[in-house]
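Structures are listed in the sections that come next.
In what follows, chain A forms one complex with chain B and a second complex with chain C.
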Partner chain A sequence: MDSTSLKAWIPGGKKPWDQARAAHLLRRTGFAPTISEVRQALLDGPGKTIDKLIDTTIDSQRHDELDEIGRGIAARQDIEALRGWWLMRMRYTTRPLHARLALMWHNHFATSNAKIGSPPMMLTQLRSIEKYAAGQFFDLLLAMSKDPAMIVWLDGALNLKGRPNENYARELFELFSLGAGNYTEKDIQESARAFTGWSQKNSVYRFRQREHDEGEKIILGTRGNLNGTDVCSIASKHPACARFIASRLLHEFVTPAPEDQLVQNLADELAKSDMNIAESLRTLLKSEAFFHASAYRARIKSPIEYVLGMARSLDLDVPAQLLASVTVQMSQSVFEPPSVKGWDGHRAWINSTTMLVRLNAAQHAAEMVQKPEDFFATPLSADGTSDIRSFGDLLLDGRVPAPLVQRLKALDTSKAAQAHQAINLLLTSPEYQMA
Partner chain B sequence: MSTTRRTFLGQGLGAATLMASGATLPGFLSRTALATLPSNDETILVVIQLTGGNDGINTVIPYADDLYHKARPTLGIAPNRVLKLNDQLGLHPDMEGFQSLHDQGMLSVVMNVGYPNPDRSHFKSMDIWHSATLDKNARATGWLGRLADEQSRAGAPPFAMQLDDQTFPLALRSDHAAVPSVRDVRSFHLNGKADQIRKVIQDKRQNATQDLLFVQRAAVESCNNAKRIESAQASQRVVRGKYPAFGLANKLSQISDLIAAGFGTRVYYTSLGGFDTHARQVLRHGSLLRELSESVNAFYADLAQQGLAKRVLVLTFSEFGRRVKENGSRGTDHGAAAPMFVIGPASQAGIIGKSPDLGNLVEGDVPFQTDFRGVYSDVLQNWLKTDPEKVLGRSFKTTRVVGKT
Partner chain C sequence: MKTAGSILCATAVCFCTVPVMGWSPAGAIETSTTEVALASADIEARLLAALPKDADVRIMLRDGDGLIHRLKAIAGSPVVTDSQWWDQITSNPELSQARLMLLGVASVAKTDAWSAVGSVLGDRLAVGVNFDDETGEPHYVIASLSDNTEVRDRVMQQVLTFVTGSNELKSNQIVPIGDAFYKSTNDGMIVFSNDRAMIKKSTGRANATPDARLMATVAKQVPADATIWTQVSSSFIERAIESEGNFSAKANEPLQGFLFGDWLHAIDNSRDGLAWLAVDDDSIRLSTVIDSDMPMPETHSGLLSTLSDGPEIWSGSSIEGYAGQMVISRDWAELFSERESLLNVVGAGQAVDFTSTLTSLLGGLDVMDDVLPAINGPINLIVARQNFESLGFKPNPQLPAFAMITPLDMSMTKNLALRLRSGTLSALSVVSLEMANNNQKVYAIQMGKHRGVDIVWSAYPEGDGNEDAGMSMLGPRFNFAPCTAIVDDHFVITTSIDLMKDLIDLQQDKTPSLEVPSAASGELLIESTGLASILQDNKEALIADEMLKKNHSRAQATQNIDLMFTLLDMVQDLTITSTPSESGSVVATAELRFNDDLLQINEDD
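Presenting the complex of A and B:
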């Protein structure tokens, strides 16, 4: 096993396709599995499970229904309710990997309603992200460049011929495609000119021909009468872009500290597929790097992973507005990221306040479980392994740390109150904070 | 109705039992509750970050310079509206609060603060100010985090703390000291069987990764701080200043509560955001400066009533100033050097440095005259009484802003 290799992982010997590895895959590609999802994955094997995650198509009737509800909420100008709506969609999604991708791109192209002030525009942007999330990166970059919320967010409508505004061009290179250090200030100025006239009116993209600068520009070595589409194309074909997006995918799905070699390997894969996200992801999820021991429980869960994970694993019905308020208190306010850089993630999720909110949320979640004593019917054995019915297995992949096993054994889990306490101890354990 | 629809619509408002309720308990912080702590006359630093790049030119205005009015045809402030500090410079008209502090001898303005080869990315430049280094490979910790590493003692209250609802700043990132982030002092509680939870979290792990240990430490610290803050809660604080209805004022009032309770934290970090005024600046900039100056003014009035003002120094900074020439959208783009405010009875009141030389700009921006690390040095040495070299890695030409200690 090589932690940087994208070679397909073949289970066997001391590294079988087992509960821990199945749960690892399902945590990274969704919001923590239920018992039945783990069982299904164990039956299907890794290859089929991953293909299903990627290839499951939209249930269009369900999708349309949810869409209609979302549009109704947005039309009421209620961003809190829209946040709850999105979180509920993630909670009950049939396409968890695609939900994770949409969330990842929302963070990548971080746009905040705090400036936009229009829930319908935020919803339009989300639908656009969802449409292109798994396709070619160029299409997504272009869609975001024409997205009305993005145009308001980074002052695109004020970027006019003879009076360029650099705001969008700078972030396109620094945060959306190449990363700092791969372009010059001149490239930014020239790209700002290329995007002049890309505007919006009444929340719809509009190209204002008269405000577009038709002059010659030189951008990252390409010369000509370039426009915004050209900039997206030049940027998405740039080798730095493949590395930048590879790094984003690795942080999201594999490890907070990907080795350079792994970044390069995935960048090569992206470049080979013309920056196709789904196909590169398929290779990545099936790889030795993904199933390497160093990736297991290596990421700190985001608030959404933590909260939706508890709700899903424990089968809790949590009201939408509660999902919204609790994730905001843990500092992940979807539709209102802190800045255009989005959330830093990993260790940045954790501080005194957010940790306290996590601990309090865990206690509340534990107490919401009905008949908790049933789930502890099979006692934990000393090494933490037992039947999947037990919470220890469900929440910690059967790898309950030894001191916690002792603490749990001291509780009489045939009594509801102590069973609740046992669940709480599992949910507040440092291990459970890791994805 | 389908199950999906029912699931979504069935979640009425009535169903909300708060999952994360830090129930908001009113109550102030009492000095007596913490009488056992090393109550002190130690100095306290409050850092206010102005996020987004504050337009220095329209904050401390070179109103007598024709080049200023030329560069700012729509954003320029007419000389008769400027709150004059001397015959060259004056404050934005919305900053009466700072004018009042100035008149009381509590406001110093350090002009043209920055660093060589300014970076115009918000994030890169913020990292430079936070880490206090230009070396991009040496930004694992922040200047105040390193100070906390130097000064923290086991069992003592945290040396430094963020009191804000924003992302934890690199400035406070330490190597080993616990630096908490508190969003709201008044709701900082651990529910349930707190002691048992803490014990279980604390159990030693075998073969734990660094990240797992990090999470474990954070959880333990969180429990400890909840206990500390809860035990400081009582209703004994009688005198309480009035604060205007601003977010920054609310944060400063909480800092004041902690200081009044003798909490023991020496460095508080908070922020005011929204300074990235690329377009229609006039709609936002004045109200931000009003929030800043009125909030800080109220903070000092409150502290003064309790005889605490002289223990507190406020430092403001932003990641950069803005381009001198306004852009085509009645806004300003990212720039370079800008003024810093150092506020408190201990500050050397008045203007330190020169009016920006608008005839000699570098790439359209005000070049720096004073390295920001010279101001940090000053604060570290003369206010917090520590060796600045230990925190900043080397010596810098130290300003003389902190004077009357």
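Presenting the complex of A and C:
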């Protein structure tokens, strides 16, 4: 297997479609699988499982019910409640990959309610992100350029003819589409002119014709009376954009340190599909690179992956707002990313403070498990490979490290208190911190 | 089974027969049928003597049998039986199993299930609870005396035979039942406990020494028609206060200190806590007394008792959508001047800040010197549902409109009415400016008249704000459009122009005023119809909250909210009155009135 190849991975021999690989796929494309989801994936095989993940037509009653109440919650101007609402949707969605994509783009187009001060506008932005998350990147970039929250966030209302404000144009190139080094200061200045007049009123996008600069601009080599839509089109077709987005996707779904060749391979795939995210992801998720050993548990779980993962895997009856408040303590506060660059992720998730919160959260989660002894009905075998019914299988794909096996075996998991301890050991293990 | 002898008890409340001996499953009758008249106080004294002397909490249930029959009436009400949650309860497998067992026991004992339970509860049932200092676990003793020993003994015979498989039990023999223990004493009392040592010590001797002070307090405070009374010991209150950590009679914020200072004072100096419950055909009254060693500071006394001819208290009950009101009687000027003795440093600072801000807003009118001393009656807060249809928008949530009515002696301060009016205009302008600075929609401030009364009001221009996020998502602040007027020497502030007009109509049409007990420092009235209509307006928001905060599906959440509406539907209104006394105690009485004689016992059942 080649860690940079997008060639389809074919299970067999020493690399079968097994529990660990199924769990790896579901963990990366969702928020930690339940036992039944792993079992279903094992039955379906990788191809069908990935196709189902990408399918947007799968219904989820609970998710749809939650969708309906989102507007009312946002109207209350209560960002804490809206945060809980989003986490609850992530937890109960049957379209986990799309929920992951929305969270990824929220980080990519990082916009904070700390400045916006309007949960309804944050919700509007999220709805836009969800609508375009898996489609053509150009549509998403254009939607974000017209998004009222983004306009407030990057001072679109101050971008006027004759007095262009470069904030949005700069971030569009640097953080949203091309990455540093692929444009000039002149490109930013000219793009800012193209976006003049793109404003909002009463939280709705509004084009102020009189404030728009109709003059000729030259942006990334293209000349004309260009406007914001043209800038989005030029940027999304630029070769650097494919590499930039490929890198983003690889960081999110495969590895925090993708090799250049893999980035280029995925960039080519993106370019081939006219920057279609879903189609490129389908290729990526089915690839040798995705199932390569170097990708397995290579990323540190984000707080949301960690907390929602525990809630989902252990089927904890815990209110979403409480889950959300724990993720905030771990420094991932959705709707309020720390800056326009979003969260750094990976190693930045772990420090002495957040690790303590993780340990406390794990202990609480372990203690919330009802009848924990039932989960240990099948004892762990010496090598850690045992039936899926055990927690070791559920939480660590059956690959429980030998020292941990020894510690678990010292506990009498037929007794509730010691079973809780055993779950806590698994949840706080270094392996469980990795996605 | 043979019956034990009984004692006929004559009481001021009821007559009851009490068996001398408990049930004897062996069939032997240990008997002397002596009928002796005992006062209800004597029965309670005997039961109290069976409880631990140092009980943290003592509860006395009077006429348990009667209470069971009232519960039976509730359970038979269509409001309950037609509800979805009742189906859920009755289809619960564990409850069904328990119900079947109870029916079985009752059937063999030749009675019905309700009577079986009622007979065990008896005429008087006392509970004594001690909480473990370390674990907080309760250790209880329950003792009961019944006039219907025949049914009770038959029921217990079946239970004990089922549990122990033996019919060779004797009086005072301790029998384990599940995690608890049972015994019947040789003078007709039955006792349960979860602590073997406690039940062993427990006796129901007729000559037991009653707790004289407690009995005197109960005789003095608890009315004869009370169904339940409970006493909480001072040591338990002290421990509870200690566990709170930094409890202090000095409140940390002004509203808390000024409104509940009497309660904080009583709790801080408490001797005993006593509560009782009285059940009528259509209402439940719950009263609570916190007895204190220290006289109550004058600042906490209600104004009503000192007002010989105070202003009328407006009643909002005829306003459409009326949901309730609160009347607060305080000497506000005195409270503010005594702030350091009632509030901690932070609270006192907040009080000063508050008056300073108001003084600034009122432009030259000193709140401490010019306004507070002019308040010459209780402050009256009225709540009513808002009808947003006339406004052209609906915020989320849809809060009710509020009104604060403050009676003023206009002669106290020169041009008070005029100065309050100009102060209101300044305040609204400042608030509007602040909103504009925060990129929020501002009020359109207007002046006008309603039935000759000058009004200053604010409003969101019609339709404005409807485009928020393109989804008509108007936040909570759109519920508030402040409005003020001076109506008959009352300074009135409302959060909607409609409520202001209603209040002016009310006053000009000479609607009857509200009667509040003269010694009360505060009274709260809640009308369930109005409250239900406000909640109904926000049902979607309540369901959303339930889904988010309790991790429920929509169906579960809807069911819980419907249960709340079902319960509310049973209630007509609730009145809570708080009355401090000079001796230092505080009494609170809550009266819950039900619709349709929900609690009425149907003799035909």
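Convention: the second predicted complex is superposed on the first by the 427 of 435 C-alpha atoms of A that agree within 3 Å, B and C clash if a C-alpha of one lies under 4 Å from a C-alpha of the other, contacts with A are read in each partner's own complex, and residues count from 1 in each chain.
What we mean here is this: a contact is a pair of C-beta atoms (placed from the backbone, for glycine too) under 8 Å apart; a residue touches a chain by one contact, two chains touch by 3 or more.
These figures come from a predicted structure and were not determined experimentally.
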Identify the partner contact of A:R248: answer first if only chain B is touched, second if only chain C is, both if each is, neither if none is.
neither
Answer with first, second, both or neither: which of chain B and chain C does A:P148 touch in the superposed model?
second
Does chain B (first) or chain C (second) touch A:E174, or do both, or does neither?
first
Taking the superposition on A as described, I'd like to know which of chain B and chain C A:R399 touches: first, second, both or neither.
neither
Identify the partner contact of A:K237: answer first if only chain B is touched, second if only chain C is, both if each is, neither if none is.
neither
Residue contacts on chain A - larger count, chain B or chain C:
B
So in the superposed three-chain picture, is A:S339 touching just chain B, just chain C, both, or none of them (first/second/both/neither)?
first
Touch check for A:K15: first (chain B), second (chain C), both, or neither?
neither
Go through the superposed model and pick first if A:S203 touches only chain B, second if only chain C, both, or neither.
second
For A:R39, decide between first (touching chain B), second (touching chain C), both and neither.
neither
Of all the chain A residues, which ones make contact with chain B and with chain C?
62, 65-66, 69, 84-85, 88, 317-321
Chain B touches which residues of chain A in the complex?
62, 65-66, 69, 84-85, 88, 92, 155, 158, 160, 162-167, 170, 174, 180, 185, 256, 297-298, 300, 307, 317-322, 325-326, 329-331, 338-341, 343-344, 346-348, 350-361, 363-365, 401-404, 407, 421, 424-425, 428-431, 433-434
With touch defined as at the start, can you tell me which chain B residues reach chain A in the complex?
2, 4-5, 7-9, 11-13, 15-22, 120-124, 162, 166-168, 180-184, 188-193, 196-197, 200-201, 203-206, 208-209, 211-212, 214-216, 218-219, 221-223, 225-226, 278-279, 327-329, 331, 333-334
Mind listing the chain A positions that touch chain C in their complex?
62, 65-66, 69, 71-77, 81, 84-85, 88, 117-118, 120-121, 123-124, 148, 201-204, 317-321
Can you list the chain C residues touching chain A in their complex?
395-397, 438-439, 465, 467-471, 473-477, 540-541, 543-545, 547-551, 553-554
